[in-house]
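What follows is a set of structures for review.
The following pair of complexes shares a single chain, subunit A, combined with subunit B in the former and subunit C in the latter.
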Partner chain A sequence: MLALIYFIILGVIAVGSALCVLLSRHPLYGALSLVVSMVSLAGIYGLLGSPFVGVVQIMVYAGAIMMLLTFVIMVLNGARDSKTPMFDKVSLFVFPAILLLAALLGFALISTPLAFNAETLRGSVALTSETLFNTNNKGPGYFLLFEVIGLLLLSAMIAAVLLAKKNLGSKETEEITEVH
Partner chain B sequence: MMEIIQSKHWVEWLITICKFGFAFVPVIFILLLIPLERRGAGFIQDRQGPNRSYFKIPYFGRIRLFGWVQNACDGLKLFFKENYSPSGVNKFIFSIAPAIPFAIVLISPCVIPWFAPMVFTMGDEVIRISGQTVDTEVGILLLFGLSSLSAFGAVLAGWASKSKYSLLGGLRTSAMTISYEVCLGLSIMGILLLVGSFRIDEIIAWQEANVWGIVAQPVAFFCFLIAMIAETGRAPFDVAEGEPELVAGFHTEYGAMQFGLFYMGEYSHIGINSILVACLFLGGYSVPFVTTETIQSNIGISLAVLCGIFVVAILAFLHLLYRYARWYKKSAASNKQVILREYSLYKILGWAAVVVFAVAGVASALFFHPQFTVIDGQPVYGIGVALGTALIHILVLLVKAIFFCWIWIWVRWTLPRFRYDHVMNLGWKVILNIALVNLVLTALIAKLLGGI
Partner chain C sequence: MELQASYIQIVALALFTIGLAVTLTRRNVFFVLMGIELALNAVNLSLIGFAKTLPAAASVAGQILPLFTIAVAAAEACVGLAMIILIFKSQESVDIDNYSNMKG
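The block that comes next holds the complex of A and B.
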């Protein structure tokens, strides 16, 4: 009962701030609404018996990634983008797609027997580590995937660094550094 | 609703509700830290520090409380100033930004264990109460997540102020937070690996059973301390405020209590971080060389020792007062009569406290012999013993935390400040790598020796 009340409060906040992301004119407001949405989603994960997933959501998404996003918005002065119209021709294709996806998701969620019970642990620390790293029971499937994702992220980072550094040695940037 | 109320004994409810009071510990730390910082700075720079404000009471005259009155005056001034904002600022974000760090400071203490889990008998029931307000298995991760959220306050303040200095300060804050979050997380991974849990109370129990974290992980301790100091954004890492470069950084445009909220947020952040360092590396609430069981079986003597420590501390304070008084009597200071009058109040209070604590200590040593019942092979005592143990634990934790608070102030007033690129170099190229090597070495040694 208590968990249901919390769920309703958090759900209203999450959906409301997600709508704000769509409707806000200024990119920074959008980013902030996204932070609020993510924090309330973390609360919902906690209610579903997955405190670990919820806290990682706060740490990684709301903390680190959104901080980077606000950093970029502030550096690039994204306020100039607020003149773009909210709806254009592309929206004609996007809206039906969103509605279709929502309908599919809703159907899938309703048809699965997902009992809402706050007591059962679904994503606790022990359970998560068991699923990911216990190679005895379930074979090395998730373990290998985890390692491969790590390699993928590392290669993405190296690529980003290379792309950012490509212009450093060129003539233009050298002139700029001399001016400074 | 009645089921929830009846699921716990009323004593359990009472203590659970009282535990919410711990949310205000960091706020109380502000009261301690501001005089400590000001008088400490004075001590390091060989001057008096602000201690001239006073209030008057009959007979004893001007009471200054060693500078505490000065802080009350400063606080009152901030409260009663007009909330001013320059034109052109983003009103909503400008006014909500200072509240973010302070609000998070009120949430953060919920995962810190203040005492060992209480187990006591009440009538026929055995009642167990954990030391944290929120008993969760992700304790320390939640703390880190919240502290990374609190940087949003500074970033948004910098952006909403519509001033170049503020914007630069905000940008630097976000860069600092991202870089030092990584070091912070990685440097404690070693001890988490040894303990095998994210729960702070289990980390403390491990340290109580084995060795303190500072002995097991000395490198991690220094990495963690540096990253912590950098994360609070104080000198020598004050690039976000940067008085020589950025006026006052992200809070340049703020005044009155909005500035006060940033100030209080910073100080209570120091309080939280000191408590966290004490929990992770100095054994938290555990008393050195004494286990909780020993304390509980000799609770009368333990409380007597506690009272004895209080008596010694107050006697040291009185010694200080008498020396000052002797010095003032000889000196040619024009206000020496006033000061001696003030000191006579402290002397009376000090001697009264000495008598009270001495009597209490002797009484508890002589008359406090707890009864216990054996449950599951463990002796379980009554509520008095549980509360007494909790009191000792809380005081031990606070003493350790206050020691780290002093380190914060010590570092701030002795080291010269870093330049921005030096801070980034230190974070990414030095501390991060040391923490990584430390983690790998710890994992190797733990695997080879302990077989964890």
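The block that comes next holds the complex of A and C.
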């Protein structure tokens, strides 16, 4: 009973702040309400019994990714063109299509029998690390995926630095390096 | 009244729908990125909710997969924001309808 009350509170906060993202005009307000939505989702993860994913959600999503997003919004001054309308004319057709998709999926979800399993393990730090770094031959082999994720993040970081930098080897950059 | 497994899926469906609507209908490019992040979050919630309906050994997989999803989302946001900075330098606009150099 108590779990249901907590879930309703957190779910209403998550969906409500997601609606704020849809309806807010300035991207900074949208980013801040997205942070609220992500923190309440982390609360739901903790409620469902996977606290490690909840902590990672707060640290990586609400901390790192949204910090990067708000930083870029503030640097680029995205409020500069407040004259363009929020929605396209095409969205007159897009909204009913999305609502139809949601209705279909919701019907399929409600008609599917789902129940919590009592034997489910709690995703604590110890269990998660044991499974993730199980280098046993017959283990699940998640550690290989972990290494690949490291390579992916490194290449994404290099790509971002190269993209956002001014043109490499152009005259302008050479002048800057000469001045310093 | 106890917490049912399908309630979690319904909340995840609502979040995914809102994220899809933000991505497809908003014109500001930052909102498009935020909608993608919202939809990814909804998928994570759905994965955890389904993991709780599985027996012991299988339920751990559903709680590890969101970690990888979060890492991939971090890489996606990193590269996406760098591309936005690059496009903004040449176009001076965040309106996604102006980004039509490729005549798509």
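Descriptive notes on the structure:
As a working rule, the second predicted complex is superposed on the first by the 127 of 180 C-alpha atoms of A that agree within 3 Å, B and C clash if a C-alpha of one lies under 4 Å from a C-alpha of the other, contacts with A are read in each partner's own complex, and residues count from 1 in each chain.
Just so it is clear, a contact is a pair of C-beta atoms (placed from the backbone, for glycine too) under 8 Å apart; a residue touches a chain by one contact, two chains touch by 3 or more.
Since we're looking at a predicted model, the values are computed, not measured.
Of the two partner chains placed by superposition, only subunit B is touched by A:V55; subunit C is not.
Among subunit B and subunit C, the chain that touches a larger number of residues in subunit A is C.
In the superposition on chain A, A:V125 makes contact with subunit B only, not with subunit C. Using the contact criterion defined above for the overlaid structures, shared-chain residue A:A64 touches subunit B and also reaches subunit C. On subunit A, the patch touched by subunit B and the patch touched by subunit C overlap at residues 52, 56, 64, 68, 75. Interface of subunit A with subunit B (complex): residues 2, 28, 32, 35, 39, 51-52, 54-56, 58-59, 62-64, 67-68, 70-71, 74-75, 124-125. Residue ranges of subunit C in contact with subunit A, taken from their complex: 1-11, 13-15, 17-22, 24-28, 30-31, 33-35, 37-38, 41, 44-45, 48-49, 51-56, 59-61, 63-64, 66-68, 70-79, 81-86, 88, 93-95, 97. Residues 4, 93, 136-138, 141-142, 144-146, 148-149, 151-152, 155-156, 158-159, 167, 170-171, 174-175, 177-178, 181, 197-198 of subunit B touch subunit A in their complex. Interface of subunit A with subunit C (complex): residues 1, 3-4, 7, 11, 14-15, 18-19, 21-22, 27, 30-31, 34, 37-38, 41, 44-45, 48-50, 52-53, 56-57, 60-61, 64-65, 68-69, 72-73, 75-76, 78, 80-81, 84-88, 90-91, 94-95, 98-99, 101-102, 105-106, 109-110, 112, 114-117, 119-121, 123, 127-128, 131-132, 140, 142, 145, 149, 152-153, 156-157, 159-161, 163-164.
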